[in-house]
Every structure is written in structure tokens, then in C-alpha cells.
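Shared between the two complexes below is chain A, which pairs with chain B and chain C, respectively.
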Partner chain A sequence: MIGSPDGRPRTRQTIARDVPEFDVHDLDQPTRAALAELLVTIADDEFVLGFWDSEWTGIAPMLEEDVAFSSLAQDEIGHARVLYEMIARLTGGDADDIAFGRPAEAYRHCRLVDHPRTDWAFSVCRRWLYDLADSIRLSALARSSFRPLADVVAKIRREETYHLMHMDAWMRRLASSGLDSRVRAKEALDTLWVDASTPFARLPDEALLIAAGILEGPLDGLADRHRDMATDFLRELDLQPLGAPSGTGGRQRPPVSTSFAWLWNEFTMVRRQDETATW
Partner chain B sequence: MVSAAISAIPLEQAIWAALDEVHDPEIPTISIVDLGVVGTVEVAPGRIRVAILPTFVGCPAVDLMCAAVEDQLRGFAPQVQARVSFAETWTSDRITPRGRRHLRESGFAPPAPLGEPDGRSDLMSPLLPVAQCPYCGSADTTLANAFGPTLCRAIYHCAECQQPFEQFKTI
Partner chain C sequence: MTGSRGSQAPPLEGRHEDAGRLGDGAQPDIWEVFRQEKDGDPLRHAGNVKAPDADLATHYARELFGRRQESVRLWVVPRSAIRDLSDPDLLQPPLDRSFKKPGGYVMRDKLAAARRRTEGQGS
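So, the complex of A and B:
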């Protein structure tokens, strides 16, 4: 369920300013709802990963990486924000309510980002797998018939170039920096690989989006490309993970994982103190 | 109407000139016009709308820019709106030659020109991690961190004068 509780005033004036303008009546109601569902899955992926990675601010292995990883996290939260604003316009809700006002059970992020930050190798491997998936997903969305989304995606993709460049370099570094680093990277990949395709989880009303040209085809049709690209790169590094991605199913559903319950508590903490505060 | 068209031209020019006095909140030596973040300016009777193109989607300075634009243009029309827009994509190639000079003068290397799209990532041009040192002009520099103190800045080191410096990112 997306939307704001009845009668709640908007708490931040800046939200209205930032909503990219479009006419919601261009789409019929069921398509609008399906689009909101698509956007919330992507926004939640970005938002949740952004918060996990922001946990490294101040404690990354070196100062430069502290700055870099924090920037990556800030980028993702910025992407989530613009998508939440778009959803708010589609559904008549409020972006802050969607971002911070939902119960933990209502978040729809994929399983790949439902792991805690763990150690540095784990966070690097997870972000690399995610950025690769995100770049493939964005590449498909750039051709969306829903112009406001295609426009934002065109901008986001330029930022993703830096993400991928940075994470490719870190993967090479982990693979070539001695036994401990390789063992940790391998363990992380073995844990994460099963969830690698989950950013492409099929949505219940995807057919409506495909019919409207908002999506070109089923999301899970992108998973093979991701798996192949990841496999090629990992083979080059001699870091092939065990097993195989277990399919694309697995967006968050109740029960909420222990790690996400903890993260949700962290990122909603300030707002829950005073829901009407403006800052 | 011819007369309206003629009188509209100086008004738009005056608006652009006023916008040129609004500076980037994070790098105050460059105007938002030279930075290329002013997309379109729409003038209608009693109303002005300005599209602001963010350098980064998550740019925290964009609210300040919109507010500064609305303040600056208040005298031109009863209704002034500055809105974020992605209808045009801001790229670092939008920075004007004068803007690039102002960046250099305040110790920032301007971004490198964008190249052709990259086949692998299918995202953007290949990133050439090159920058000319804004202090000594040397091209003998290395990228130290693609992520600098703000989203739009990268950190380099100059081998010639041994100075670290920042570049406005190529994006």
C-alpha cells in the first residue's frame, strides 16, 4: 500500500518543488497503480542499499573510500527520492511518507539488498552485483514510454557509470590483494550469488506495463544478461561463486528479516520522534 | 503579434542576465547559467517558469538553487516558479567556456569533454580520468578518487607541482 495516512499535511515544502511534472491522467488507474508498484520496487532497492552502505561512513577501510562509498550511498538515496516523488504524484501521496512512513513489512526491496553490510568484502561484492543489475535495468527503462521515468533514468545512468567503474576496480583489488581478501570475497559471493537475480523479480501487474510500453518486456528477461556478465567477470578474477542464482523471485515480503528490521528502525528513528517536524 | 514578440525579447534577456547573477551554492565562483543548470525559461503574462537541470539527481544544493532563482526573479512577474526538470539531461559539456575559466581560476579543473558511448556498460562515454592541474597547468596528473567532497567533484593529484586538486566531474 502506497500513500499517506488520511488528512496528514505535507511536512516539507521542498517536495512539491522537486516533483518532475507530468499529467497522471495520461494513464488509466490500473496502469498507474502498476507503474507505482514498479517504481516503489526500484526506489526501495536504491533506498535500502543506500542506507546499508551509508553504515560505512566514518569506518571504511581508508579515508578515500569513506568519501567514495558515502557518495555512492548518497547517489542511491537521491535516486530513491526522485522516484518516491514520482510515486507520490501518481498516487496522491507524500514522498516522505512513502520513504519513511511505511511499516517495515511494506518495503519491497529485493533479497540482494536484504543482507546486512557484514564485512568490507561483502559490501563491495553486494554493491558490485547490484550496480551491474541496476545498469541493466536502467538500460531497459531508458526506453520506457513513460517519459518522466525515461528522462530521470537517462540522468541516473550517467552516475551509474561511475558506480560500475569504481566497483569493478574494487572487485579486481579484492581478487588480487592476497589470500584473506580473496577468501572473504569468495565467501561473500557464495552467500550473495543465490540472490543475484532478485532485482529482476517479476511484478504481479507487469503485463499492464508491457502493454503500455512502460516496460519493453518482462523484467526477469533481463536476469540472464546480468548472470552472464557477472559470471564472465568473476571467471576472469577466478572468483566463480558456488551454485547458481535461485531465480528472480524474492522481493521482500513478511516476515521481515532481522537485519532489515534493524535497518528500518535506524532510518525511521528520527521521523518517529516527531512525524510533523520539518528540517 | 509583432509588438509583443519584440518586447518579449529584452525581457527574456533581462531574465537571463538576472539568472547569471545567481551562483552555485557549492562553488560560488560560477554562475548557474555558466554551469548550464538553467534549462528553459518560459515567460507568459504574469508568470515565469524556470527549469533547473540538476548536475546529479541527489544534488542537495538543488533546492537552494530553485529558491535563489525564485528570489532573484521576483521583480519580473507576480508568479515565478523554479522547478527541477530532467526533460533535458545536464551533462558536464553544458558548462560554458566562461564557466570553465571561472572554475580554473578558483582552483577546480574543468571536466574533460565527453567521448562516444561505451559498448560494455552502454551507459555513457568511457571515462577518461584526465584533468589539467588548475595551479600549474600540467597534464601529468592522476585520479586519486572519483568521489570527492561533493557528488559532482573528483580528486586528482598533480605530479608536477605536487598539489592535490579537485575536478568538476565529467558526466
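So, the complex of A and C:
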């Protein structure tokens, strides 16, 4: 939390630097609200996954991967930070309040990232499914007519491309490293597959964003591409998951899952000790 | 990671076929990483990473030696590709070699004289 006790806007230069200047009045109020809604879903996906994956810090299978996976997790939290800052600009709020100040039931992350860390194969498979979805979502957003968003997304994509390469390499390791890792990967995929399309959950006011050119088309129109790409890759590894993705719903809450309630408690713990503290 | 020369026994009497034998397929290979801090700088040895293949070695090198934007270029080299040369007969031969060093020419007095001359002509 970046605070000033006198209640002035709590904005840090290093955050603001990544968000291009824009005039919020370029968008009408309903479109602004719809855009904030879109951004908070993406930011929450990144934020929640970042915190889940950072739970591997210190206990990943090997030192190099420990550092790398933690760094990837930090990258996701960094992407969330930029998006929360953009939301704060749109809504006149504060990025840290949005990130850490909401009750657990207000987070809008998709079901794919609503599972606990589980075992290493599970975290790798989830991360890979998510990074693939994220790359597809970001490439659509990079074509947004809302320039500040397209600019921010262009920067995020440069890191995400690398994340996906890293996870592709790990999926190949799991598939080729013996029976135990194959079995665990298969179990993880069977559990996760039903939620694989949830990053593309349709938003209530999506039509406003499409009308304004902020989105090219409905988000769930991207789900097929994700499923096809994932299926092709998994077939190559002989790791086809059971069943079919259950569709793109899955940002609706409550109830809050037990695992997310635990995670929320973890990542808000320090702030809740003293919400007025200046860091 | 391993220590730069760390856990590996020193090569025996310059038999460099023993160097870089850590990667036998079962154990992850060791990759030596060199990094360039800014354009135009020499590549300097940064350390090493353990990784089962070149792709992951590249990712690990990036995370361990580049995630804080401290590098503009990395070289990732399988240790097995490095010829380890430490044979004392080649590098520290026993006979007196002082005649190969650029010593023996005492420049101090000549330099001082040259400085005096140029100061005399100077501005």
C-alpha cells in the first residue's frame, strides 16, 4: 500500500509510468464502467494466479525453477498492478485499494485460477492453460481501438510470450519424464479442463465495449481457439484430457471457495493489520 | 546452480576429457552463463544453471541473470562444450619464464624525464 495520511491520491511514480496518460472523458460513463469491469477480471486473474504460484517460492522442485517460477508469478502481479492502476484512473479510485481492499467475494477471477496450488504438475498444467488463454486474450486486446489499453497490452505481451514458452517446455518435461509425472499431469488436466475456457467468460456489459471498438467481438468467441490450440498441443504430448470444457461461465460468486478464502487471507494479511499505514 | 568450479573434482593433470561430464542424461546438465551488462561491454562469466535441456537453460539463465534488467545479452553454454585447461605443465611451467614478462625495462626515470621536457614546452 502506498499511502499518504492526509488522504491525497496515493499514486507512486513507478506505477503511473506504465500507464499512458488518457482523458477518462473520452469514454462515456457506461462504457467506462464496462471497461473497468473488463480490466478488473483480467487483473484479478493475473493477481490471483500470481499469488497462487508464488506459494512455490522456496519449495519448487529445483532451485533454478524456484527462482524462475517465482519471477513469473511476480510478473503476473506486476501486470495486475498496471491494470489496477488503469482502473483507478477510470474510476477515480486507488490501485492498492482495488488490489487489496476488497472483500474476498468481490474478486472476479475465473474458475481456472480458483484452484489451490496442489502439486507441481497441477501448478504447471494450470499455468500453461492460463498462459495460453492469456496470450489469446491479449492478442485480441492489442487490437483495441482504445489506445491506452492497446499500449499497455503490447508491453504485457512481450513478457507473456516468454511465459508461454517456459510453460510449453515444462509441459514437454512432464509428458516425457516418466510415468509418475505423466499420471500427475493427466490428473491435473482432467481436473482443470472443465475450467479451461473460463478466462473468456462473457461480461454483462460486453456489448458496450464492442460498440465502442474496445473489444473486437465477444470474449467467449476466443474460447474455441484456446481449446483447439490446447487440444493440439496435448495430443502431441499424448495427454488429452477427459471431457470437454464446460463453457465460459465462471466468474460468478459467491460463494467464495475455501481455497480462495485462504489465499485472500494470506495476501491481505499485512494490509489488514493497519489499513492507514504508509509504506 | 553449482559453485563456479565447485563440487566437481579438479581435472586430473590436464585431462580435459573429464571436464563437463556432469550431463550424463540422468542428471541435469550444467550450463555456464555469460552476461553483458551493456552494449559494447565484454561478456563476463555470471555463473551457471542446471537444466535438462537448452530451452530451460535459456529460461533459467534469463531468470537468474536477467530478471532485474541487469543484462542486455546472455550466452548460455553447455559446460561439456568448454575445454578446461588447467595443466600446470602448460600454464605454470617450472622453468624461469621471467624473460617472457614485459618487465626489466625501467621506465620510471625515462617517463619522468619526458614529463619534464613536455612541461617545459607546455602551456
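As a convention for this text, the second predicted complex is superposed on the first by the 258 of 279 C-alpha atoms of A that agree within 3 Å, B and C clash if a C-alpha of one lies under 4 Å from a C-alpha of the other, contacts with A are read in each partner's own complex, and residues count from 1 in each chain.
In the analysis below, a residue touches a chain if its C-beta (ideal position, glycine included) is under 8 Å from a C-beta of that chain, and two chains touch if they have at least 3 such contacts.
Please read all numbers here as calculations on a predicted model, not as lab measurements.
**Q** Based on the superposition on chain A, does the combination of chain B and chain C result in a clash or a fit?
**A** Aligned on chain A, chain C clashes with chain B.
**Q** Which partner does A:R157 reach: the first (chain B), the second (chain C), both, or neither?
**A** A:R157: touches chain B, not chain C.
**Q** Using the touch definition from the top, say if A:L222 reaches chain B (first), chain C (second), both or neither.
**A** neither
**Q** Of the two partners chain B and chain C, indicate the one touching more residues belonging to chain A.
**A** Answer, by number of touched residues of chain A: B.
**Q** For A:R173, using the defined touch cut-off, is the partner it touches chain B, chain C, both, or neither? Pick first, second, both or neither.
**A** second
**Q** Based on the superposed arrangement, let me know which partner A:S71 touches: chain B (first), chain C (second), both, or neither?
**A** In the superposition, A:S71 touches chain B and chain C alike.
**Q** Which partner does A:H79 reach: the first (chain B), the second (chain C), both, or neither?
**A** After superposition on chain A, A:H79 lies in contact with chain B alone.
**Q** When the two structures are overlaid on chain A, which partner does A:M165 contact: first (chain B), second (chain C), both, or neither?
**A** Both partners, chain B and chain C.
**Q** Looking at the overlay, does A:L203 come into contact with chain B only (first), chain C only (second), both, or neither?
**A** After superposition on chain A, A:L203 lies in contact with neither partner.
**Q** Of the two partner chains, chain B (first) and chain C (second), which one does A:S139 touch, if any: first, second, both, or neither?
**A** First partner only, chain B.
**Q** Give the stretch of chain C that clashes with chain B in the superposition, choosing among 2-10, 56-64, 92-100 or 110-118.
**A** Comparing the options 2-10, 56-64, 92-100 or 110-118, the clashing one for chain C against chain B is 56-64.
**Q** Would you please give the residues of chain A that touch chain B in one complex and also touch chain C in the other complex?
**A** 64, 67-68, 71, 162, 165-166
**Q** Okay, in this complex, where on chain B does chain A touch?
**A** 54, 56-59, 62-63, 66, 82-87, 89-91, 118, 121-124, 127, 144-149, 151, 155, 169, 171
**Q** Okay, in this complex, where on chain C does chain A touch?
**A** Residue list for chain C touching chain A: 1, 28, 49-53, 55-56, 59-60, 62-64, 67.
**Q** For the complex, which residues does chain A have touching chain C?
**A** 62-65, 67-68, 71, 162, 165-166, 169-170, 173
**Q** Hey, which residues of chain A end up touching chain B in the complex?
**A** It is residues 14, 17-18, 20-21, 64, 67-68, 70-72, 74-79, 81-82, 135, 138-139, 148, 151-152, 154-162, 164-166 of chain A that touch chain B.
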